[in-house]
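Just below sit the structures, each encoded as structure tokens.
Across the two complexes that follow, subunit A remains constant while its partner is subunit B and subsequently subunit C.
Then we have the complex of A and B:
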């Protein structure tokens, strides 16, 4: 105890100066480090300022760290639409059933179709024909769209891959690729294709529209157009234009995979195969092996008379 | 006294006029259905929704209201729904007509929801300035008390639907109610079998078809619709694994003459190889020609 008292902890002059030196150098180094840090931060911040254009068309400069990324909705540009249109709706196989016993030649399907696809009145994606098969058989009306064959001759002959069949069975035409050679017109046994000989209807108003391969709008002069089963409407879960426009319940449309078709007028859904079986469904020109996706129910038990004014046109072919 | 008499006379005249028009319309709507009113209040929003439903389902025959452009080739000619003759009908009558349909007019009972059907009426009423709506006095929240159970029996391939309401006084079975069973399809609802009426225990049994396709796991979305006078229209959705598993490959999966998307590897390899061989031969020819030219120069 006494020893400690004799040697009190008193710093010598040398030790004191040493300590001062350490603290001074430490402060200097620390200070400069902080200074450099702040400077660096400033420079960094200045470097990461970016220019942004607001929705009001104002050019502003903001810190990059202040920005948040916005996930873009799928671009509805030409490439996107073409890809989407080519892929089709997976897991579906669309079918149409046309009940000839109900058609009264209202021609609402044609009007709705021409309106949707900006077609001239003489161009038909769907056409209601006046039919008479033999001299003594009754005449009837027959709406005829594209058959969307499972073995499409038109697609096989296209030299530029402009017309194609999709996963869901629809045969489409890409007017951006079409070169207007009309091989497909010659190949189609159902005369389902139309050619834009003249400047299309509304071509001036449609000038700034992005071409939609599922709608064929805007139509292009010198290219083919055809029935699309209203591929754009099917994407939204709606029935095709012609199907929903019919006032007489002629059209059924649905998915073969679901074995169900829905009537466009009554909106009643029935089993597809049962409908064909009960009513003797058939396809057009089965002998060609084109395997159409459009089925017909025969004009049995028509509830209406065939109009007299149409009789001549229906029997035209039989007279010669 | 005089005013009272006048009132009675006016009422008599008006009711006679109404009766006359009903006879002409000849829909024979039952009295209880005629007095039915909407549970939703008609306003600009309901009428707007009604308009879009109308354009999808009604406009092709009835045309645009007030324009008189209904389809004249049909028999009977569908009336313009803004006309006085239609507007004379009560809401309940319009609702009944929408539900049942007649001759060429289809029934919308199983096609549109009750809400959509009332909204169509709301749209039709928007063309009548003198129209004053009478709201239904029944409680709309009552339908939430109803519990619908669905059970599938694999052995008999039957679906048993049990409908009960959890009232404060206890659980009540809904008896003698119309039950409709649907399977959801891409464009609409496919009715399964005939509609049934519930027994005293609130039970209805449906035969389920063995061949109805489901998704790739066999799931089918089922909708049960219950029509009850006190609880209103109740719809319940349930996904059940009772369909036939369907996984059909896409149409572009196979190699066909028209399928340009299908490119087998051996064709790509062979084609690339062919092009390379052709290119090499060309290069060799050019090289040989060059050598000839050089030999000639000497």
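Then we have the complex of A and C:
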């Protein structure tokens, strides 16, 4: 250290200048190295490590900064959703059971459905009808969704395969393909189909949404819509919109393969076949051979009175 | 042998209408302007969607589809007059063959346009080809109507070849390019016996071939309805019921056309009272057959009164649609049959009136078949606005429905302006045949 201190004194002016130069360059290099180091550290601290699951089912841990976000083009997304929508949910056979003895015409199912599918108030995927079968039989309320027929006339007549039957039993629509011929409306004996005669309710807000076949949103002018058994909710493992919205325990929904259906209100799960057997389950208009996947339990021992104001409408067809 | 002067007279009589005159220009102008107005209405439908119509989720097929059925129906007449009557040796009908073919071609080609008017997404028309589903009756319909259109065009064109040659030679006052077109289209026709033979054989082959295709187009069209399980459509006799109804409509259309061509083109010597008499009898015949099918179609369900059908039958016979139903059946079918039994009524003017009655009846009959069934589905119509329950067509919809009719009139007028409406070559030939023993086989 002392030696060092002495040295400068002995140095010529030229040497001195040389030294300054070296120190200068050194400082510069060192400084920038330190600077770069700090910077490097900073970056390192920011990037946490994340776990990713590869397509081969391998769990890897990688630097988050090493990942790049894949942005799918909307076109690809749509194709993907269309394919997914057609494939359906493997291994399931969805069924619905509607217990008419419980329906009080609360219409919460209709409201929830219209809300989910962005429908106009007069468009019904599910419609609660006031029914009376003969002059002296009691009137009752009957929620009527699409029957998701196993032999669906709507699918048979569609010229472009825009309405189709999936392996899990659901009949869906692809409104990106539908040409709006309404042959399916004419062919459906259950009046289950609605058409977008005008610009749909939320067409402006929904403009940038990618079309989801399983939700049929955004709705499109000039195309068909109908009950979808809430295929989007089923994919998430949830019950359909109408089923969960009912306050009176009318709906059971489940899987025929598992022989189990769950009540949307009580969340109680029961045996599907037993439920039908114990309560005299039936389907609507079986003589047409459409093989509905929606079953009804008769309005036996209703705990509610049929509203007087609805009697006239229920009996309308009997008078004529 | 026909004298030269006779031949010349026929040629000049029949070619006379082929020239530009004032009434033609005015008539076309009128049609053009009307078409533009109707297209404006269609523009509204494209922009706002099909709310501009009176259709709803229950009655979702209305005037457009009824019109489509009507157009396909009327186009069948080409097959009846040119093929069936031609093949069975009914020589009286041969001067009418071309009129019938023009009507057939016009209605068949516009039928496709009518169906587009009914589509919610007409811009996706090609999906029918890209994603076509062979099990859908619409696919069958598209296929057979296209085939029928092409065959009808050939059926009009092939027998026309000799006349085209005559046109190119005789129409001296036409500009050269027009005469050239005739010449090119006449494919070097020289009236050699060999050529005559080819034309006759080809015409005969097409005549045979067109019969099953024509039956197919209307049978398939009827299946658009009969293949659904709806009260009023779910019927096994819809095929023949529609086909016979088609003959009634088509014959009426030919009668109306005969009247106007005869009058405007001064063809009294060629479309004679005898022709009216004969086609009047034909109309009686086809109407009687149609009446028989009507009896089957309505009386059997009326006797059984199954619940869903009972509602429909009551509606037709006595409630909402009763006035239209009975007017159509009586004014459009029964009364014409009775009137036409009298020879006095089988004269041009009365026939025109009857023809119009029958044709109007035929259009409304299609409405009666299409609409009421949809107003009475199996399950009650509830919780929807009133206009969903009862179908009332709107003005815009009516204008759009008129558009294809204008188009048909334009096509018929144009065709009748550029080709001789009565076959010239054949008429001369028949004249030659008449005094001598049959030389050229006309069948």
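Here are some notes:
Convention: the second predicted complex is superposed on the first by the 244 of 320 C-alpha atoms of A that agree within 3 Å, B and C clash if a C-alpha of one lies under 4 Å from a C-alpha of the other, contacts with A are read in each partner's own complex, and residues count from 1 in each chain.
Following the convention adopted for this analysis, a contact is a pair of C-beta atoms (placed from the backbone, for glycine too) under 8 Å apart; a residue touches a chain by one contact, two chains touch by 3 or more.
Nothing here was measured: the structure is a model prediction, and the numbers come from that model.
Superposition model on subunit A: subunit B and subunit C are shown accommodated side by side without a clash. In the superposition on chain A, A:167 contacts subunit B only, with no contact to subunit C.
Shared-chain residue A:258: touches subunit B; no touch with subunit C.
Using the contact criterion defined above for the overlaid structures, shared-chain residue A:269 touches subunit B, although it does not reach subunit C.
Looking at the shared chain after the overlay, A:246 reaches subunit B, while subunit C stays out of its contact range.
When the shared chain is aligned, no partner comes close enough to touch A:120: not subunit B, not subunit C.
By the touch criterion defined above, A:202 lies against neither subunit B nor subunit C after alignment on the C-alpha atoms of chain A. When the two structures are aligned on the shared chain, A:92 is found in touch with subunit B, with no touch to subunit C. Of the two partner chains placed by the overlay, subunit B and subunit C both lie in contact with A:156.
Nearest C-alpha atoms belonging to subunit B and subunit C sit 6 Å apart in the superposition, given in whole angstrom. Across the superposed pair, subunit B and subunit C both touch subunit A at residues 156, 161.
Every residue of subunit C that touches subunit A in the complex is listed here, in rising order: 48-51, 53, 55-58, 60-61, 115, 118-122, 124-125, 127-128, 130-133, 135-139, 142, 224-225, 227-230, 311, 314-315, 319, 374, 377-385, 388.
Across the complex, subunit B meets subunit A through its residues 56-57, 60-61, 71, 73-74, 104, 106-108, 110-112, 183, 185-191, 211-213, 246, 248, 250-253, 256-261. Of all residues in subunit A, only 88, 90-93, 104, 106, 108, 150-152, 155-156, 161, 164-169, 237-239, 244-249, 253-255, 257-260, 262, 265-271 touch subunit B in the complex they form.
In the complex of the two chains, the subunit A residues touching subunit C come out as 122-124, 127-131, 144, 153, 156-162, 177-183, 185-187, 189-191, 193-199, 220-223, 284-285, 288, 290, 313, 316-317, 320.
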